[in-house]
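You will see two complexes here that share chain A, one where it goes with chain B and one where it goes with chain C.
And now, the complex of A and B:
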């Protein structure tokens, strides 16, 4: 593959994102007309922005790679990633918007009237954010290695530097526009190549390396799924979405709870459309590039397939497009996360100054960068799935109970969050060693959400019940505010 | 991640936790064995320590949720077998043997009625007997509660100490009330500082409208409606907070009225990030800045000028700024005004907004003003998007 294509695509995406971030607001929103200036973001725009922020390396590269590796069982990932927004719609979107809280720690503090609970939540948000950024940087490393031939670390470093500089310099002022742009770029970057590849394949110009029976063996079909693993994965993905810090802050842009709901519905539609394309890519890969099916390399399927099936300039063009899309995915998710993390870190630790925000932005990129450089990617979709499992066992029980149960107390929330954090972190980190010792436990350690999330929920409820102090005095008023629709 | 790496990370975390635990344990040992001084010094320390721990729980009032927790420390302080704390309504929290509850109720009733401490000896409680000393907790308006210490036997020292502890508890409760009234005062101050619509503006607007009534009745009608909108917003009684979008609407009305006087000499540029439109800000916190820019920046400048209003998204904060290219303010005068010096009505809008921002969000969230004579004025504010903690009532 011609490395120049890679360079051009990467530089172009980084430049365009930075330019929109720095100047988008100035161009689109400078006016002397108050009516124009006070127009709120339409749900369509906001939904695109949420999609742009949400679709990460795991969605763009990881799903196709996982389908190539494991076949039909990987299809649960796009289903879970999308259906998480159904949970968000049902349980969280409108009440959280009405709460007026900007971040999850803000919500915790307002609901539980406890600074300790806020601190614990902030800590968890920071951990979740860091470990969510790691797969993005690993995806960047893979992309740069495959497409330009540079060493892996160059990719992680490049993305980390771009994100840290742009965020610290205040370049995410027009964050809604940037993220919405990234979403449509990602969608185009997958949709156009898929259509082109299907045309080529349909015309019989390419020959499958494997006959369909070998590429799609019935044994690897839906009938062969492990029930526990599937259920656990769904719990993680459905409930993990509720606690993602970078997604929730986007809902603040909606003017009211009703708009938050409308936005969520549109996000569901946008994601459903988007996930068609990596799925098709994955299945094309199984038939036409089975040699890529090795752990670690499978995630590069989307980057390599266009060149294999369509040689020549058209193939180069398609490759450039998918590289641009992949970089849009790394940049948008990481910068969204860094903005939210820097907000939380600067507010809770550095007094909320502008300088504090800059320092926090750099800290929020350096830590994941170090982790990304020190570890090897074990499959992007899988790593992100584990972050979802962690979120589902920590922040999600607190959010759901905080919104829907008046009995939740600060101590209950703290004990639940800590229990969930310890259990799921132990399963995720120590799973490899323990699993080798006791193979029977393996599925439970590799997909912990199905037991850690309910235990965390249970501990929260029990600890709240036994808390002598009871729920804070303002609970009734706060819950009323969360659940009563706005008058307009 | 390879398993060896994960294993190493897990072991590292475990080792770190163990090391921290060991250090804490050793530190405790060292501190415990340290020479703590003479017996008298130790006793003083012990007393003050118990008192300060009890004080924390008494600040919420004698009938507060934590008063019972104070009982534990007070009992240790007095060295009594059991201790009862009762509030005015007769709700009793007992630390120690719960069998004395009935007895405590009777004693509390007598003490609250009599208002004097009393000692009773040899009272049977079930199969055994105890002595009791009860003392009223006297607040400003008379007894607010009582404490009863049970011991067998009650010596003179305990009687005196119980009286002293009751007085001390009364002092703590009063301090707690002081805290509460301080908070209430701060809230009242915010209410009192709520920006007032300026009489100059009403006068000028009505004059401007009057001048159009004959020449351009249609425009005069529009201006009157604009005036009605603006005053309705400014005079509204409910809610101390509003959104940036609402505030912009009021600024729009205000500027339309001012334009009736200024005509084309008053130009406006807006740059509002849509992310901050729903940010909650104190009621009338941006409009006074615009009014200040018009009245003190542009009114006295020949040929008018331009006002730039910006609202930018900055992570968990919204940054709002109002800039004019008018005559500027003498920095010394401005510093005086913001510090509270009488300025004959000049820039009171700025001072008012500054004081309210500090009151609501904290000292570091005041206005930042960059100005000099002839150099225009830039006023900036920075508010947390999460809204005020005290009371987030938003009324759309």
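And now, the complex of A and C:
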């Protein structure tokens, strides 16, 4: 592949993001602009921004790679990523907007009237955010290595620097514009190549490496699924989405609860359209590029396939487009995460000033950068899936019970969050060693959400019941505020 | 310039919920309406979630039970793969839109009740 194409695409996306970011800076004057864009963002803008922020390296590169690598079981990833927004719509969208809180820790403190509960939540939000940024930076490393031939660290470093600068300079208002733009860029960057590839394949100009029977064997098909793993993955993705810190912060920019719901339904539509394209890429990959089906290489399928099937300048153009889209994915998800992490860190540790926000933005980028440089990517979709499992076992039970159950107490929430955190972190981190010793346990350790999330939920309920101090005095009033529609 | 998290009391005072629910006496009529609104919204959310999950499970079982779907090719891809790859999204969107309408209806009913009393 011609490295010039890679350079041009990457520099162009970085420049455009920075320009839109700084244009937004002129509009963002006050501090509340910095955090939540003054809550004046329209549903379509908002939904595009949510999509732009949500569609990460895992969605853009990881899904097609995983379809190529493992077959139809990978189709559950985009289904879960999308249906997660359905759960978010049903259980948290409108109440969370009405809560009046800026971040998840703000919600915890307001609902539970406990500073300790707030601190535990902040800690979890920071952990989730950091480990979600890591695969983005690894995706950037892969893209830069494959497309320009530069060493992997250059990609991670470039994304980290751009994100830290744009976020520290522009804050959230800037990010809303950038994110909305990134969604449409990402969609175009997959849709145009997919249409072009289908035209080439349809005209018979490319020959499949494998006949359909070999490319889509029933043994890797939808009928032959591992029930436990699929169910556990679905629990993680469906209930992990509603605890993602960078997604929740977006809901505060809706004017009211009803608008938050409308925004979420638009997000469902946007995601459903988007995921058609990585899926088609994955199907094409199984027939036309089976040689890429190896753990480290499969994630590069989307970057390499256009050049293989469409020779000449048109192929170069399509390649540039997918590189740009991939970079947009890394930039948008990381900057969304950095904004929400910086908000939490600066409010809890640095007094909530704009200067504190800027320092926090840099801290939020450096830590995942170090982790990304020190570790090797084991498949983008998979590592993001584990972050979802952790979120589903920690923040999700607290949020759902906090919104719908008046019996939730601070001690109950803290016990549940810590139990979920310890169990899922132990399964994820210690799973390799334990799984080797007891192979029968491997699926339960590699895909823990199906047991860790219910246990966390149960512990929260039981500990709340046994908490002699009972629910905080303001519970009734706060639940009223969450559920009663705004005056109009 | 300082930015802090909105304090509980400050937030509640600047943006009071409609419906004139009296905070000190949750057992009065307004409190009953609020509780019934929360209950009906929760019931709706659980029903819709269960409906979506059951429908998806049935869809997948149906795909698995018809082996012909693995053998029938459309544009070179087995129908079973196409169904799983593209079939669940329309369901999710439909369910979302239905929920949107029903949730607004619950809120409209609450508004009508609380403004009458």
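In this text, the second predicted complex is superposed on the first by the 468 of 488 C-alpha atoms of A that agree within 3 Å, B and C clash if a C-alpha of one lies under 4 Å from a C-alpha of the other, contacts with A are read in each partner's own complex, and residues count from 1 in each chain.
Here, contacts are C-beta pairs under 8 Å (C-beta built on N, C-alpha and C of every residue); 3 or more make two chains touch, one makes a residue touch a chain.
This one's a predicted model, so the numbers in the text were calculated from it and none came from an experiment.
In the superposition on chain A, A:254 contacts chain B only, with no contact to chain C. When the two complexes are overlaid on their common chain A, residue A:72 makes contact with chain C while staying clear of chain B.
Judged by the touch definition given at the top, the superposed model places A:262 against chain C, while chain B stays out of reach.
In the superposition on chain A, A:476 makes contact with chain C only, not with chain B. Touch criterion met: A:101 reaches chain B and chain C at once. In the superposition on chain A, A:347 makes contact with both chain B and chain C.
Of the two partner chains placed by superposition, only chain B is touched by A:429; chain C is not. With both structures placed on the common chain, the touch criterion links A:110 to chain B and to chain C. In the superposition on chain A, contact is made by A:90 with chain C only, not with chain B.
Under the contact criterion defined above, the residues of chain A that touch both chain B in one complex and chain C in the other are 31-32, 34-35, 100-103, 106, 109-110, 346-347, 351-354, 357, 481, 486-487.
Those residues of chain A lying in contact with chain C across their complex are 31-32, 34-35, 72, 75, 79, 82-83, 85-87, 89-91, 94, 98, 100-103, 105-106, 109-110, 113, 208, 212, 216, 218, 221-225, 258, 261-262, 264-265, 268-269, 272, 275-276, 279, 283, 287, 346-347, 351-354, 357, 404, 474, 476-481, 483-487.
Chain B contributes residues 1-3, 5-7, 9-10, 13, 65, 245, 248-249, 251-252, 255, 267-275, 277-278, 280, 312-317, 364, 382, 384-387, 389, 392, 394, 396 to its touches with chain A in the complex. Contacts from chain C toward chain A in the complex involve residues 1-6, 8, 11-12, 15, 17-19, 21, 23, 26, 31, 34, 37-38, 41-42, 45, 48-49, 52, 56, 60, 63-65, 67, 69-70, 73, 76-78, 80-81, 83-86, 88-90, 92-93, 95-97, 99-100, 103-104, 107, 110-111. By the touch criterion given at the top, residues 25-26, 29-41, 100-103, 106, 109-110, 170, 172-176, 252-256, 339-340, 342-344, 346-347, 351-354, 357, 374-376, 378, 426, 429-433, 436, 469-470, 481, 486-488 of chain A touch chain B in their complex.
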